[in-house]
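What follows is chain A paired twice: with chain B in the first complex and chain C in the second.
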Partner chain A sequence: MISSETAPRSRTRSLLARLEGPQTMGRGPAFWVAATVAVAAAAAYPLMADAWTVGNAAYFLIWTFMAMGLGVVWGYAGALSFGQTAFFGLAGYAYGVITLNLGAAYGLTLLALVLAVAIGGLFALVIGYFMFYGRIQGVFIGIVTLSVTLVLETFMAQTAGPQWRIGEARLNGFNGMSGMPPLTLPWFGGDIVLYPGPSLYYLLLGLVVICYLGLRIMLNSPFGNVLVAIRENPHRVGMLGYDVRLYQMLAFGIGGAFAALSGALYTAWGQYITPSSMGLTSAALPIVWVAVGGRRDITATLIGTLIVLAGFQTLTIYGSQYALVVMGALLLVTVLAAPEGLIVAAMTLMGRVFRGSKR
Partner chain B sequence: MTEILRVQGLRKAFGGVVVANGIDFSLSAGAMHCLIGPNGAGKSSFFRLLLGEHAPDAGTITFDGSDITALRSFQRIRRGISVKFQVPGIFKALSVRQNLEVAFQDHLHGQSLGATIREMLDFTDLQSEEMTPAGILSHGQQQWLEIAMAVGVEPKLLLLDEPTAGMSPDETRKTGEMLHDLNGRGITILAVEHDMAFVEQIARRVTVLHFGSIFAEGTIAEVIDHPGVQEIYLGTADV
Partner chain C sequence: MALFQSVFAMLYQFGDTFAFLVISCAGLAVIFGMMGVINLAHGEFIMCGAYVTASAARAGLPLPLAILTGALVAGAVGMVVERLVIRHLYHRPLDSIIATWGISLIATQGVLIVLGSTMQGVGTPLGSIDVGGRSYSLYRLVLMACALGLLGGLYMLFYHSRFGVIARATIQKPQMANALGVNTGRMYGLTFGLGAALAGLAGGLYAPTMTMVPTMGATFIVESFVTVVVGGADIFVGAAPAAAILALIKAGLTAWYGQLFGQIGLLVTVILVIRILPGGLSGWLKGTTR
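The block that comes next holds the complex of A and B.
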């Protein structure tokens, strides 16, 4: 009787213990107080800003899932995917097709979101299976994944004719799909429709916190241990009795599911999705976010992505034609000056300054 | 004594280069055996065939009573074969503790994992380096860490590819003591080694490979007295 009560509790405790570990920066009360303050500040933000600005902040949060997923695949498992946008776009279209056919009643949009993420994640598993079990390694993973996303872009761009429809949903070729419903939460006395604004912002903030903490636990688990070991020396990992290809495929599937989450949320946010979301520029940007922040630490990836996205949009809004050039320059500077990433460099520096409180 | 490993008619060629030319070899459980031979004799290829890194053109490998010829490397490891490579195959960016965790976590969990890690830190004298990134250990310490990774979960057969390469005489002697200790715990050991003094320290029986075939086999005294062995090392034997 006692053991049946304590076992789940000790399991919860050991899961929570994995929030900290060698695979993630930041530990101890100082870090968690800072993290709580950051989340509280983010939660208070809609009280101080107008609805449009909050909707815009929600837009930034949407991309962080794809970035964190790429962090797992590239930073932790060591496989540079240049094609996370394939899963992003596929899930975006899947959300559109499902919602345009099923409608938005009874919280069916949430079901569409889940299905879209599952479709993107499964597609990533299939691609991952052929790549890793086909012994594709190193730079060739980047080439294959880039090809996959560009093929999808080209394919979707030629779906303009009326014959390209799935049920009620016209794919619309280069112009993309639009008019799908935003996310809705079923509620007493009428559904809550999550248009870009505070309500969607809070849903996304909650999702970011859950995914971030979940990834911290996963990365500090035995599974995460094997992933970083594969990054360091895949041959040796195989010679310790692990099926390296299986682990790589699973990591790739997780990264793909996170990209798919971004894609489905993006479609729900803007109520449109176009083939260019899977194009070359779109495919390159996540790599810049993740590299600049720091690919080998999930916290650095998250913070770096938000900062780079905000900076990129500010540049675009205030008339600079050269936002993409600046992104490229930022990537170059990072690679040359702080190859581990700017946020990782800053966190390491802070760790040195506050060594007493960090240890 | 029961047989732990039996290799029959093992053959592998890369184009015209025959690295294993019908090798018949067996090892009894609990043995401490060395594989010697001049450069290019096929010692490393033999190891790769045992580990499943090369698929043989012909022949079978039986380990612990079952045919493992068709199994992949990681499946052979899971059956109880363990390996330590010549160049330390450790995870340099990870701490010593993490290296050991990755090596053992598949078999051990919770307290038994922690206990085995502590035991292996003691065994290798790396207690004070637990949190050190493995890449900054001395060469000898890296070799010991890899031995610890290979033996912590008590394999049935330990393969060692030149375990003392690059070690100081003192480190070599200590490594020999470690191997005797492991053998005493029931782990069968098969080592490729060049250093004949070390071979004498650890091996009870020795096999000489030459041109992918077994040239001689016996106790170390028998092998040294064998008329052909010295000649093949000097490169004059007509085989």
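The block that comes next holds the complex of A and C.
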């Protein structure tokens, strides 16, 4: 008998229990202590670094959402999407258009953020509907999503004239939109404007932790298990009575919404968005982060993305033109030598060393 | 006379788009149809062909020979890539996409570093003809003939030659073909090389009409992928009619609404086609004739 008083608590407990499970690596006190230390170190970071570096670290955090979304779509649901940047760019533009029209007062920028994410997620659902209900699979998903993002780029690049405006907001063609307000939190005695710096960094860090834990719960839930089952054998899942198309479409929508979150936050961070954020090179980068880190585990995806981003920026400082060559080479080496991803390989190795077991 | 003039303009527009789609997707379609590998470095093989063609032409080689050189060099590069990378990924199609994308990144950026952001091209040869007061590029008409010739040539190669029989056998039942003494590894290499050479040919043929930049492959990518998706896995049953239908849609939309709507029209067509005909045109045509 479950009394009405304990029911919510047991539900919370069962949700929390799903933080660990078969679909995510890392369990037990050791892992959670390490994770807490990592978050604490990340939280202490602004105390030791100057504002510019912290703003730059915030920039890294922005991209992790898109990477985690791609991890869900590609690593867990097995649908390789090349077009996450389409949702990224769409949401970036949506944030710009909405904030330029509504202004930044009363926390309206947060509303714009939510709306932008919703628009990106809905667009992903629509594309997902046509793809998955058309039962296309495998490599075709990659081609269609890539075409979507490239066509969106072309479309945005030609919106140069004054006739291309939505309300107050000029789309500005190839040069992109700029001048939209950063995120603002309504607060007693004046709004807090989140310019790139410690305040934005803490907001993003919090968001990353929430999204990461939320995704862990989702992936270990029945929904996540079905996604993994679809990746392994869609026919068998269909035979067991699940609507494969629906699950894939939902996963794709979630992935799109995460990419959209990155896009809207990116626009708020840099206060600009350009069509090239949806171009071929931009579309390649999330694939590199996720593939190199390890796509089949959300933790590996997160860590891998941050490492690759930091490495990419370091490379860019020393020789910007070689950075993309190195990225391409990294992608090749990963696919040929460690198809599960370098971080996953390292984590498996570490687990083996600590446990001392041969598995 | 005015009627003839506008009909000719429409036909020219249609033929131009059709030729572009057929020529640019042939290499991709061969590699995908025969091997199930989506070659995201397709655009870079095209770029390779175009660069070699332009350099050869400026070194004094006559243009047709220069184009041939471009195709051969791209084909050779393709066989090297197949041997080094693609060979290890036949049983992992998704990973082969990723790997070819890595190659594409390296190639685009590498060419940018080595050869700079632009290269001097060759002018469009053959001049133009006048039809009813408007001038049309003669070279574009040659390209249309090339597209038809290409389709015919590929048909002959795959259905009426020893290479074609062995290639199709290798694709359909690799173990069986191997048991009958076919060197399947070499066939895969040759097929990939052929696809790369066709991409190089596309680059060579369009080199005189384009600006030479390292990212020029990207101009071909959307159109050729779209054609392959709409066409499905078979080049002849699928890609050729797909190119015709898409050319009709694109030429019509471009004529009435402009370049951009042509491209958006293509995308919408693709999304609708995959919803209605998941196997592409070739899957549908084969399904109805069976």
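Here is the rule we go by: the second predicted complex is superposed on the first by the 352 of 359 C-alpha atoms of A that agree within 3 Å, B and C clash if a C-alpha of one lies under 4 Å from a C-alpha of the other, contacts with A are read in each partner's own complex, and residues count from 1 in each chain.
Definition applied: a contact is a pair of C-beta atoms (placed from the backbone, for glycine too) under 8 Å apart; a residue touches a chain by one contact, two chains touch by 3 or more.
Here the structure is a predicted model, which means the values were calculated and not measured.
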Partner chain(s) touched by A:113 [first = chain B, second = chain C, both, neither]: neither
Which of chain B and chain C A:268 touches, first, second, both or neither: neither
Touched partner set for A:205, first chain B, second chain C, both or neither: neither
First (chain B), second (chain C), both or neither touched by A:280: second
Partner chain(s) touched by A:232 [first = chain B, second = chain C, both, neither]: first
Chain B and chain C contact sites that coincide on chain A, given as residue numbers: none
Residue numbers on chain A that touch chain B, as the complex places them: 22, 222, 225-226, 228-229, 232-233, 235-244
Chain A contact footprint on chain B (complex, rising order): 51, 72-74, 77-78, 83, 85, 89-95, 98, 101-103, 105-106, 149
For the chain A and chain C complex, residues of the former touching the latter: 80, 82, 127, 130-131, 133-136, 138-140, 142-144, 146-148, 150-151, 154-155, 158, 280-281, 284, 287, 291, 321-322, 324-325, 327-332, 335-336, 339
Residues of chain C touching chain A in the complex: 32, 36, 38, 85, 88-89, 92-95, 97-99, 101-106, 108-110, 112-113, 215, 218, 221-222, 225-226, 228-229, 260, 263-264, 266-267, 270-272, 274-276, 278
